[in-house]
Structures are given as C-alpha cells and as structure tokens.
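So the structure is just underneath, and the comments pick up after that.
Chain lettering (A, B, C and D) follows the sequence in which the chains are written, and residue indices restart at 1 in each chain.
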Amino acid sequence: MNPVNYLYLAALLFTIGATGVLIRRNAIVVFMCIELMLNACNLAFVAFSRMHGNLDGQIIAFFTMVVAAAEVVVGLAIIVSLFRSRHSASVDDASLMKL
Amino acid sequence: MENLIALLVAAPLLGAAVLLCGGRRLDAVGHLIGTALASVSFVIGAILFADMLGKDAEHRAMAQHLFSWIPVEGFQADVAFQLDQLSMTFVLLITGVGSLIHLYSIGYMEHDERRRRFFGYLNLFLAAMLLLVLADNYLLLYVGWEGVGLASYLLIGFWQHKPSAATAAKKAFLVNRVGDMGLSIAIMLMFTTFGTFAFGPVLEATGETGEGKLTAIALMLLLAACGKSAQVPLQSWLGDAMEGPTPVSALIHAATMVTAGVYLIVRSADIFNAAPDAQLVTTVVGAVTLLFGAIVGCAKDDIKKALAGSTMSQIGYMILAAGLGPIGYVFAIMHLVTHGFFKAGLFLGAGSVMHGMNDEVDMRKYGGLRKYMPVTFVTFGLGYLAIIGFPGLSGFFSKDKIIEAAFAKGGTEGWILGSVALLGAAITAYYMTRVMLMTFFGEKRWQPDENGHEPHPHESPRSMTIPMIVLAFGSVFAGGFFSIGDRFVHWLEPVTEHAHGHPPVSATTVTLATMVVLVIGVALAYVQYGRRPVPVVAPRGSVLTRAARRDLLQDDFNHVVLVRGGEHLTRSLVYVDHTLVDGVVNGTAASMGGLSGRLRKLQNGYARSYAVSMFGGAAILIAATLLMRAV
Amino acid sequence: MSATAVHSLWTMAADPIDKIDAPKIEYGQLSPTLIVIGAAIIGILVEAFVPRKSRYYVQLFVSVVALAAAFAAVVGLAAGGYGTTKAGIAAMGAIAVDGPALFLQGTILLAGVLGVFTFAERRLDPVAHGNRVDSFAAQAASVPGSDSEQAAVKAGFTTTEVFPLLLFAIGGMLVFPSANDLLTLFIALEVFSLPLYLLCAVARRKRIMSQEAAVKYFLLGAFASAFTLFGIALLYGYAGSVSYATIAQVVDGTIGTVNPALADTMGNDALLLIGAAMVVMGLLFKVGAVPFHMWTPDVYQGAPTPVTGFMAAATKVAAFGALLRLLYVVLPGLRWDWRPVMMGVAVVTMLGGAIVAITQTDIKRLLAYSSIAHAGFILAGVIATTPDGVSSVLFYLGAYSFVTIGAFAVVTLVRDAGGEATHLSKWAGLGRRSPLVAAVFAVFLLAFAGIPLTSGFAGKFAVFKAAAEGGAGALVVVGVISSAIAAFFYIRVIVLMFFSEPRPEGPTVAVPSPLTMTAIGVGVAVTLVLGVAPQYFLDLAGQAGVFVR
Amino acid sequence: MSFPLLTATAVLPAIGAIATAAVPAARRTAAKWLALTVSLATLVLALVVLIRFDPDGDRYQLTESHAWIADFGVRYELGVDGIGVALLALTALLIPFVILAGWHDADPLETNSSRWRPTQGFFALILAVEAMVIISFEATDVFLFYIFFEAMLIPMYFLIGGFGDRAHAGSDEHAAAQRSYAAVKFLLYNLVGGLIMLAAVIGLYVVAGNFSLQAIAEARANGTLDMATNTERWLFLGFFFAFAVKAPLWPLHTWLPNAMGEATAPVAVLITAVVDKVGTFAMLRFCLQLFPEASKWATPVILVLALISIIYGALLAVGQRDIKRLVAYASISHFGFIIMGIFAMTSQGQSGATLYMVNHGISTAALMLVAGFLISRRGSRLIADYGGVQKVAPVLAGTFLIGSLATLSLPGLAPFVSEFLVLVGTFTRYPAIGIIATFGIVLAALYTLVLYQRTMTGPVKPEVSAMPDLRVRELVVVTPLIALLIFLGVYPKPITDIVNPAVKQTMSDVQKKDPQPEVEAAP
C-alpha cells in the first residue's frame, strides 16, 4: 500500500483535530483535539521515516509523545483549576478579557 | 559744510528721543526743548542756504555719505544725504514753518497734560520729513516716507481716547501703506532695471532702458504720491486726518507732508520726462483731485474739513503742474511753497478760532468773529486772499503760472487741463469766500453747549498769534518775491531743468480769465452766504451737496467694498482654516480612532475565535507561500 | 546517536553488538543551558526538602546565582571566540553555538535576572497576617476566595515554585534560538512554553483573569505548536532529516535526495513550502505577529505583571532568535518565496498593532499592542536578509527587552485597593503625585515611541536602515507611518500622567524594594545608554551577526 | 585639541537644566536665578563664538569632529557658518529674556504638594530646549541634527502642555483640555514630520553611506555622488516636509496658533522665535546643500505655498479675536516671507531670509512678551476685553506700539531691512510673486494697527482702569529688545557681514547666479 496514503490520513486527522479546536467549547475536548493533532503529526513522522528508511521520524514520534504527556500534565492542571474557580470548563465562558 | 546736513536731521531726532524717552520729569520743559531743537535745525538750514547762495548755480549741490546701510551681495543701500536746491527749498519750508508751528503749539496745547509727547511727535515728524527730502536714494527716502507716515499716524491719533481719532489715524496709515506699496515696487523695479536705486545713477540711466519699464516705475511712484498727497483715488484719509490737533493739520496735512508726493515726482523728473503716458496720468490725477477737493471743500461745514478739501485741491494743482514736465516742475514747487505759507496760516487761524470757541468746528455756529479776534481775522483774511489768488499775493503768482502751464501743454489736453484749472480757481474762490463769510462775518450764531457753557470768543495768546502773523507775511509777499525776475525759476533750474511753456493764448489772457472766474466765484459765495443769514442747521441741499458732504461717497464705497468685503473674506478664511485645513488633520486622527475601535471588536475574548484567526492566518500564509512559488 | 546506527541495529538484531558509540557532548559549549536547567532541578529539590520559611530566600539565591553563572559562561564562550572567530555545533549537531545564539542567550539571561528580581518583589502588597507577600498566589491550587486559600494566606504560604518554573522557561529559551535541528527547536519550544502557561495562572490578585489568561495561552499555544510540529513533519518528509544543515542543502539542491524512488515526496517543494510556512507560523505566534497575535493582549493583561514583563521581553528574544536562524540558515534558498509573505505579515503587524492600540484603556493591554507593533518593526529587520539585518534585529531585541521589563516593573508599582491599577483613567495626574515614577515611565514610553536619545530610536533606526539597504524601502515607509500612529497613544499616556488633574481616589505608588528598583534602574540606564552611545552594543551585535551553518 | 567651544555652548545650558531641575522644591527663586545665570553665561559663550568667527574664513569654523556611531556612519560633527552663528547668537540672546519674562509664569498655584516642582521644571525645560536648539544650529552631521531636531519636541511639548497660559476663557478643565490638545497637536504634527524625515534620512544613508554634511555636499558638488533624479526629489521632499511643518508653511501651519495661544507668552516666544527657526535654518543648510537640483525643481511650488502663507496668514491675523493667536498668524505670514526669501535663490533673498530669521525673532519676542504682560494684568486673551490701555499704562502701550510697528516692518526698525531684501530678492527673479507678496505689508499694517487700536486706544474700559504700568523686571525685558530692533534697523551691517559669505556659498551650492540688472548703471 502506498505509504503516501498514511500522509493523507495524517493530514485528515490533523484537520479533524484543528476543526475540533475551532468548534468545540469544552476545554477538555478542545485539548483532546489538540492531542489528536499531535498524533496526526506522529503518524506523518512515522510514515515519512518509513519512506526515508531512516529512524529519525520514529524517534521524533517518541519525543512527541513525551511532550504531549507533559502538555497533558500542565494543561489539565490549568483547566481543572479554572473549572474549580468558575465551575465551568467552557472556553467561551472564560472571556472576561476582551477588546 | 556738508557735515552739517546730518545735523539737520539729527537735531529734531534727538529732540524726539529725549522727549519720548524722557518721562514725566520733562513735562515742564518738554515743549521748550522741542521748539528749541526745531529752530536749531532751521538755523542750520539757514546757514547751509547762505553757504549755497555763496556758490554759483552749478555747484550748489552738496552730499554727505554717513555709512553703508544694507550691504548685501549686489545690493548697496547707503545712509547718505544730498542737499541741492530742491531739497534746500523743502528744508527751509519744513524747518521754518515747522518751527513756527512748534511755537504756536506751545500755546495751543497748553492745557494738554501730554504736551511733552506732542512735541516729541512733532520733532519726530520734522526728522522724518527732513530725511525724506535729504535722502540721496529712494530706499532712504522710503524710510523718511514711512517715518512721516508714522508721525502723522501718531499725531492724528494724538487724542486717542476719541475713537474717531484712533480710527482716522489708522485709516491714514493704511491708505498711505497702499501708496508705500507703490513706492517699494517702484524701488524694486529700479533695482532690477538699473541694479541700484540711488538718485544719481538711476536718473542718469533713464535713457538706457525701454519706455515701458520707466512708465511702470513712474506709475508706481505716482501711486505713492497719491497716497502721501491725498490724491484721487487715495485721498480719503485727509478729511478724517483733521481729527488731529490743528497745528498738526497745519504742519503735516497742509504745509509739508502732504506735499511729499510732489517732491517725489519732481525729484524723479527724468523718469517722468521719459514716460509721457505716466505724465498724462499724473496730470489727470491732479486735475481730477483739484476739482474733487474743491467740490468737497464747498460742502463741508467743518472749517478744518473745508480747508482739508482745499488742501487736496491745491495739491491737485501741484501734481497737475508736476505732470506737465519741465514747463511745470518749478511752478509746482513754487505753488507748494506759497501754499505752505498761506494754507498753514489758514489752519493756524482756524485753530485760533476753535481755541476761542471751545473747539467748536462747525462754521454754522460761528459768525461775526472778526470783532472778537481781530488778529486772527486779519491773518486769516490775508491767507484767504492769497489762496484765491488775489492779484499781488503769493497764490496769484504761483497758481496763475500753473494755469498757464496747463494751457501750454498744448493740444486738446492743454485746453482741457487748462480749463479744469480755471474752473478749480473759480471754485476755490467760492468755497474760501464761503468759509470767510461764515466764520468772520454775519452775526453770531453760537449757543451754549449742552452743559450750558456759552463760548466766549477771545483772541489767542501771543505765542499763537506771532506765527500767524509771520505766515501771513509769507502768504502776502512770498509769491511776488519769487516771481520778480523769475528768482525761483533760476534757483531751481539746475535741478529740474525748466522750459518756458507757450500757452496757445497769451499769458495776459490767461491771467484775465483767472481774474474773471475769481470774481464769479467770490460773487456767488457772497450772494449765498453774505447777503442772507446762514442757517444754523445745514439745509438738506442738492444731491451733489449731500454727496460732497460725504466726500463724494467714496468713503461709502470703501466701506462697502473694502471694509465689508474684507471682513467677510477674513471671517470665511478663519472658518476655512478651522474646518478645512485643520479639519483634514483632525479628520484623519478621528478616522484612525474609528478604525481602531472597529478592529478592536475582533478581540472578542473568545479563545476559539482567536484560534480561528490563527487557523485562517496559517491558511493564508501557506497559500501565499505556494502562490509566491507559482508566480 | 546517529540514525543510521540505530537503523542497522534494528534490521539485523541477530549478531550482538560489542560497543555503542556514545554520543559526544560538548559540556563547555552547552554550559549556560546546563547550568540553568540544573539550577531549575535544584530548585525543585529545594521545594521538596527546604523548610517553607526559608524557601523563598534559597530559591532567590539559587536562581540569581545560576543565572549569573550562566551569563558568565556565555561571556566566557564569547570571550573564547565563539560566535566571532570560531563557532561550534554542539551535541551532535543539535545545538549551534554561534554569535546570534550567544548574544541572545546573554540578553535572555539578563532579562531573566531582572525577571527574578521582579518575581521576588514582596514590598508592594500590604503585609498579610504578618508576612510579606509577592504577586503570586499563596496556593495556586486552592480556589480563589475559598477557605483553603484564606488558610494558606494565614499560614503565609507562597508559591516559591515560580522560581524553578522561571528557570526552566529560561533554559528552554536559551536552547530555542540556538537549536540547530527542528526536533530540538520543538522540544525547546515546549520546554519554555509549558512553565510560562503555569506562571500565567498563579496571580495573587485577579486570579480568575489570570487563570483565564493561562487557559487561553495554553490552548492557543498548544494549537500553534501542533502546527509547528506538523510543519516539522513535512520538512522532515521533504528532506529526510530534521537537521538544519541537511535541509538547507536539500533546499539548495547541493545534495541529491537519498532515495530517488520516492521522488513524489522527496524534494517535493509543496512539502517544503507548506512545512516551512507552518513552522514559521508557530514562531510568529510566539513573537505575536498579526494574525497570530490575538492571545497577546489577553495574556499580557491577565498574567501576573512580573510574568508579563519577563514573557514580553524574553519570549520575543528567543522566538525571534529561532525565526532568524530558521530563515537565515534553513531557508535562505527560499528567500524569494518567504520574503514577500513576511513583508505582508510585517506590514499588517506594524499597522494592526499601532492602530488597535490607540483605543486601549488598560495599560497592560496597551503595552501588549505596542509589543505587537514592535514585533512588526523587528520583522522589518528580519526581512533585510543581510548580516546587517541580523545584527540590527539583535540590537533591537536587546534594547527592547530592557525597556519592556522596566515598563512592566513600573506598572507593578501603581496600585490601589484592588491591586495594580492598570486602567488608564487611574493613571491621570500621576506626574503630579509622584513625578519620578511618572518621569521614568515617560522615558520608557518615549523609548517605545522611538524618540531620539533613547534606545528605541537607535534600534528602530538600525532595523529600518537594514531594511532599506536590504531593498525593503516600502517597509520603512510603512514602519514610519505606523510609528507616527503609535506615537499618538504613547503620547496619550504621557498627557494623562502629566497634564490631567490627579483624581482624589487615584492610585498610590508603592515604594518597592531594591529588587524592583534595580530592575527599573537598569531598564532606564540601558535605555538611555543605548540611546546616547549605542556604538559598543552595535559592534557587539555586529560581530554576533553571523550564523554557523 | 582646542577647547570645544561649540559643545560648551550646548552643554552649559544642558547642565544648567539638570541643575535647575534638581533644586529642591522650597527654593523656587534659587532655581529661577540659577536658570537666568546659566542662560546669561550661555549668551557670553555665544558672543565668544561670534567674536571668534571670522566671516572671511572657512565655511565652517570652530569645527569639532569625533567618532560616534560608526555603524550608522554618524559622527559628532559641529561647525558654524555665518547663518548658524547668527541664529546661535539669536537663541542665546533671547533665552534670558524668555526666562525673565516667564519669572512668575510657573509659580505653583497651590503650594501644598511638596514633590510637584513646576517652577524648577519650567526653567529646566527652557534651558533644555536652548541646548537642543543650539546644537541643531551647530550640527554639520545630518543624523546629529536630526536627533536634536526631534528630541527638542519633548521639552517643548511639556512646556506647552504643562505650563499653559493662565489667562483663558472658561473653566480650568476646559483650559486644561485646550492646552493638552494644543500640546498633542504640536507634538504629533512635528513628530509626523520628523518621522517622514527619518525615512528620508535613512534613504540618504543608503545613497550616500554617511551623514557628514560637508562630505556629502562635496561629493554632490564634484559629482562623485550622483543621485538619481527621483531619489533626490523624494529625499528632498522627506526633509522639506519636516522643516515645513516646523517652520510652519501653509497648509501645515494649524498647530502654531493653538500652541502659541495656549502656551504662556514666553513659551510662545520660544516656539516661534527660536524653535521654528530651526526649520527655516535647516531648509537653507540641508535642503539646498544636499539636494540642490531637487530644491530648484521644487522652487515654484514652494514659492507659491510661501506666498499663500504670507497672504493667508495675514488675512487670518486680521480675523482673530485672540491676541496671541493673532501674533501666531502674523508669524505664519512672516515665515512665508522667510521661506520665499530662501527659495528665491538670490543673494538678496537669502541674506534677507537669514536676517529675517533674526529680526523676526527679536520683533516677535518684543511684541509677544509685551502682549504677555498685558494679558497677565487683565487675565484675558480676547482683544475685545481691552480698550484705552494707553491712558492708564502709557509705557506698556508705547512698547506694544513699537512691537507692532516692528511687526509691520516699519522702515527704521530691523524687520524692514530683511523684509525688503526678501521682496527685492524675490522680485528680481519672480516679479509677479514679489508684487503679490508686497500686499502683505498692507495687511500687516492692518492687523497690527487694528490690534493696537482695539486694545490701547479709545475710552478706558473699567476692567483695565486699574492696570499698572510696566514693572522694572518687565522693562528690563523689553527695553533691550527694542533698542536692538532700532539698532539693527539703522545699522544691520554687523549681521549682514557675517551672513553674506555663507549665503554666497549656498548660492554656489545650488549653482545659481543673481539675475543681472538690464542696465549697468554708473555706480
């Protein structure tokens, strides 16, 4: 199967993730969509790595996972504290600062 | 000897400086200082005159170079004096009459607490006027020219608490400025044409340039002359100028300053000679003004305004003569001098009358004053006879010569100008007789003023009568003295070459004609004002009369066209400046703010919309990059 | 370890390996980063083991010493000729140690020191329950206004974790501009972003806003970094490597691609362009260029002011450093593609920032927009694509960061009952109440506005000059116009401070401790020195203007 | 290395400014005296410069040159030619009078606030402006000039906005609003001008590679540096725009009336008599020297604009109700004359323009300061609120009259000389423009005399009936100015001698010859 298809899939996933970020309100979901985008990147890395026949891509994928994990830690901490102080995880409610 | 010339100017200038900066502590002696310094400069003038007579006609001119004034690349203006017969004449007239009027003012201004300042201004005037006639280049003349304007401004508006006086002063200065504009343009033209504006070089070089240029220069000089000498169309200020103290009217607005225009033209004789068109215009201006002034003079009930009209008309004669070229120059100056005497005398007389009548100027409230102030009556009377050209008196000689010269111009112009001059003589006789009758004859017409003060007409003090007497002598004998053996002509010839005019009819005929019109004029006036009592309230009078009372409506014209129009112009410009010029700038600022306000709305606080903008941005970025490659 | 080695290992696992060639690490060249990261780790240990009372002092001490040491290391490297005569590629090509890297690292470190000072300021807020407090929450975990928070305040807790966090951020920033392959770039990005997200959230006053700022910053930041990562993936796909040098060579076409069989992806320009665009976008987000700027005002406003100041200064420096390296080392071959695009970005950034700032009413948001406008100016220098361009940008960044930290430090001083009085209306008549503070702030504003005799002017002149010489005259004109617009709102603030009558209920100006005073003082000093006699620093930036490839 | 005289002239007031600002709040008077002393010392230095300057020597004298910002091709280069030295002297001369006239302008109304020190600030700012103006007259390095050309806006801005005229119609808030509007307007106008110039300055660097006026001018002259026609024109426009805003030239003038109206009289003098001169000076020195061709190219348009300024300014002056705004518009008219003289490109025109800068400085100072004294007595700027002052305060009225006469450039007073030179200089090359400009002298008479008549003459208004005459301090301010007006009117040679060589140089820069008279008259 043509490895290029994996790239198309990766692009698709990335787009889905991005769309999710744009349309979903719940901070957690938005964040999950971002994770989805990161994973799309991973897929692309791996696919490319296979094409090039070198391992850089796959190694990068591991790094990405670690980064994603770190982001989860920080992100959830922030989102949870926000949720606790205003009892809502909607990103639209958090719009005190504007103009 | 040359070095004395500067002193002529310096003495009164010093006086002005001392008196104006001296402060109150000089109040007691101010008038004495002023008079003294004026007479000093007269004495110097006399010495120089004597010295001049000592030399032969061709070598009488003297010069004194003081210092280089404005030295700029290709532009040389010096402070240098030139004293030739023409200037000498003026120096004597100015300092002589000036000193007399200083003397007169001592009495006249006795009760004015600002007398010191008054004498300071008078000295300032003398200095400026002398500078004007002594300058050896047009730019320095210009300084004196505006200097006398300033002095006249200060003196007309001397009683500043009277709004009318302040306005009149301002008007005089402004109208003169229009004339000055002409003078400065003339100077610029000379500079571009001749590369200099000193009398000598310019007048010598007139032959080397086209008539067009010279005509332009001459016309600009004429404009200047019109402003200073109150000639149509710039005559409007002279009447109002009578707001000033009477000595001022006598010295500045009768004897000296207003004749500066004549001096300018005669001084620039070579230019005018080479520009016949300009000469024609000059004669026309003179002719028109001499009628204009005379007519106005007939209608005024204010004695000073009547005399002002007459001044205008007499200067009209001089300008006319000056416009006639070599056949007229000398007589212009001669009439100028004689007029200096009798008109000054008349004004001083008028002043003396007002002095006795609580400053009443309306002749309809005079009458029969000859009993109360005999000296004034006699001197005034002599002046009157002189001005109407009573045979044997000064006016007779000078005016008669001008009328002759006018006819001598030849051709239709000659006839027209000549007859105008004759007509003028008639009207002069008429309105002067009118003044004489209304003031000194008939029975008294004055009543108590609103606060019950009945005027007690009385003869003026010695310090006032003496000058009047002296001037009366002048008015009687000067003309004769000048004319016997053409003294005056020979005196001036070296400066303004003289040609004998040949009138189409014999000189005697002209003289006779003059006599005839003279009699007619006097008779008319007698019928109107001598035979029947003069109404205290002015009758409505004919259209012409009413127009004449309003200076033939040209003030109204000025008011409507210049004043109103100007006000509208400035107001609209202020509006434009505020709304348009400023508005554009403020507008851009405001629109910038508006734009900012709108863009600001994009920052709506929703994280997702920010994400959208980022996403869109990314898309655009990618698209743009690809596009760049594509093209 | 090199990829091929791993590859062989993976394919033929059968025969045993006798030795692994350990990667070679140039600790000397990496020392600045290592020192800072190490100090950060020590900081965490301090949090774990040192008694609460003394943590603050220990943390402060550790941070300052570490940063000073790191700065010393940078200076040492520079003195050692790195960046001028020789340049090193350290850590197996992951880190470049060259002029720009060292210059920017130095700047970041100094900014960091001042940042630490402002972080450590505890004199501004009134003493709570007998212990001095700083601008950070007593206990970030507890809900604002809740009993637990009260208790924490009573107990005199303070979030001393901010210091290690700051150190981590600085560490990441040190790597960011010197990253020499895309992976390192990405990791560094995350390493300095994540701590900043957290720092944004821990304000003592107005915590709701602070948390909101944190959430926005975090979500958008993560979003942006996802784009960056995908871009990296595409570039990797294009060149088969993430190392700057290799990609650059592929772009120039100096080396053919590894596998001709895969021509449809390998060396496919679409991949290159899209990838490059996405990576650049990630960086533009960090520098706050329009249209990726929208997080800036909110975050600047919501975050604790010391954090804002540090962020505004250091993030810009790091991000522009990375951008410069990317554009000058990786994509010079693509210049004719990205230059026009970047010009467009620069123009909208300059104008957008300046125009929107006009109607701002909050001083922190105002400064945020001004920082956007400045990003535009710096971009003008980036676009010059000449050594002059590089050095001018370096100089500008150096000058700008000090002005920014100083300005925000002043903002922390103006307070009323509700904490900092950031609404402009409250600044009315400040010049009457405390002329000195107002004058200092005026100096900073004038520097922002680029008035001569301030560093702002020297910097602006440098970048505009570079841009003009680089053939981007149009940018200069736009830049000039937008500076004029920008001048308007800086002037507005000055008018407010000096020419309007002080309000009776107006704010008070707190007297800070020497820490903040130092920050402000250094800010002013640098502003004026760089304004009057910039030559030395220009030379510095000039020598540092060459990238290693 | 000789004593850096020119630097000293600028550094002295700068130090003075800092010292004055540092005087403690309570010691207001000390600050005043300090400022006055410093300004006088500066005047002495300026006179030393004037004496050391040799009109027939090199073009630029007392030069100093030090490396400064090599990266920008900027050197610290000072030097004065005749024009610069004249204006340097003028500045140093006027500042003491400004300080003396503004003696009480900055006394705090309420003395409760201890840390707010307006007085110190006021005089410090004035000295700061002096320093910057002086150095911009001395700078022969375009960048150096630009820096101070821009920087002087800041102190001016605070002087206008911070120390407004206390005589105003309406409430304090209204006045404050007006004031800061005027200040902001002043700053933005000039800042925009300056920034556009900045673009041109950068462009100049790109073209020329350095900023040394002499180097570039030489290179232009001997053709080693030739600019493309369009480049030169754009650069010229960039420079000229900034100077035209500063000068100010119609239609960029609207900031001046606001600024002069709202500022105190001494500050207004500072604006129009000192700071604005930098603009016209820079036209002469930079526009003509750096871009001769472009200058000639732009001349017709500029002359027309100058002409509009002359007439327009005068007409608006006639239409004003506010004394100080009237003077402001009069100044606009006068700046029109100056610019016309500069771009007429004749020796008379340019000497006249330079002379005009000096004379206008003195005459405006005289008129404006007396007007300030008048206003401070009555507390109103409206002409309509006065009348008959002449009766109660004759000396004040007299000085005011002399000031007015100088403004309408009466022969015998200094401004006449320069105005006539400008007119002649213009007339010889552009007769039509010269003639139209001559109308300006009539209008000038109109607005000055109307002003004098409405305020000083007529029946005494009750409000002014108790008005005191000039005090000693005020006499000390006015008398020397008037004396100077008269002296320079009668004997301008000292200045023309200094200026002429410099003008000759400039004429050769633009390769223009004076038009020769058609008749070579016998001298």
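Just so we're on the same page, contacts are C-beta pairs under 8 Å (C-beta built on N, C-alpha and C of every residue); 3 or more make two chains touch, one makes a residue touch a chain.
Remember, predicted model here, so these are calculated numbers, not experimental data.
Asker: If we define chain centres by averaging CA atoms, which chain lands farthest from chain A? Would you check?
Answerer: Following the centroid criterion, the farthest chain would be B.
Asker: Would you say B-C or B-D is joined by more C-beta pairs in contact?
Answerer: B-D
Asker: In whole angstrom, how far does the Cα centroid of chain B sit from the Cα centroid of chain D?
Answerer: Using C-alpha averages as centres, the distance is 37 Å.
Asker: What is the distance in Å between the mean C-alpha positions of chain B and chain C?
Answerer: 81
Asker: Using the average of all C-alpha atoms in each chain as its centre, how far is it in Å between chain A and chain D?
Answerer: So the centre of chain A lies 65 Å away from the centre of chain D.
Asker: Let me have the rounded angstrom distance from the C-alpha centre of chain A over to the C-alpha centre of chain B, please.
Answerer: Once rounded, the distance between the two centres reads 97 Å.
Asker: Could you say which residues in chain B touch two or more other chains, in rising order?
Answerer: Touching at least two other chains: 589, 600, 603, 605, 607, 611.
Asker: At least two other chains touched by the same residue of chain D: list those residues.
Answerer: Within chain D, the residues that touch at least two other chains are 188.
Asker: Send over the residues of chain A in touch with two or more other chains.
Answerer: Residues 18, 21, 30, 91, 94-98.
Asker: All pairs of touching chains, please: list them by chain label.
Answerer: Chain pairs that touch: A-B, A-C, B-C, B-D, C-D.
Asker: With touch defined as at the start, can you tell me which chain A residues reach chain B in the complex?
Answerer: Result: residues 18, 21-23, 25, 30, 91-92, 94-99 of chain A touch chain B.
Asker: Where on chain B does chain A make contact in their complex?
Answerer: By the definition above, chain B touches chain A via 600-601, 603-608, 611-612, 615.
Asker: Which part of chain C faces chain A closely enough to touch in the complex?
Answerer: Checking each residue of chain C against chain A gives 3-4, 6-7, 10, 140-141, 143-144, 183, 186-187, 190, 194, 197-198, 201, 207-209, 211-216, 218-219, 222-223, 226-227, 229-230, 232-234, 236-237, 240-242, 258-259, 262, 264-266, 297-298, 301-302.
Asker: Using the touch definition from the top, list the residues of chain D that touch chain C in their complex.
Answerer: 67-72, 113, 115-117, 146-148, 150-151, 153-154, 157-158, 161-162, 172-173, 176, 179-180, 183-184, 187-188, 191-192, 195-196, 198-199, 202-203, 205-206
Asker: Over in the complex, which chain A residues touch chain C? Could you list them?
Answerer: Its residues touching chain C are 4, 7, 10, 14, 17-18, 21, 27, 30-31, 34, 37-38, 40-41, 44-45, 47-49, 51-57, 59-60, 63-64, 67, 70-71, 74-75, 77-79, 81-82, 84-86, 91, 94-98.
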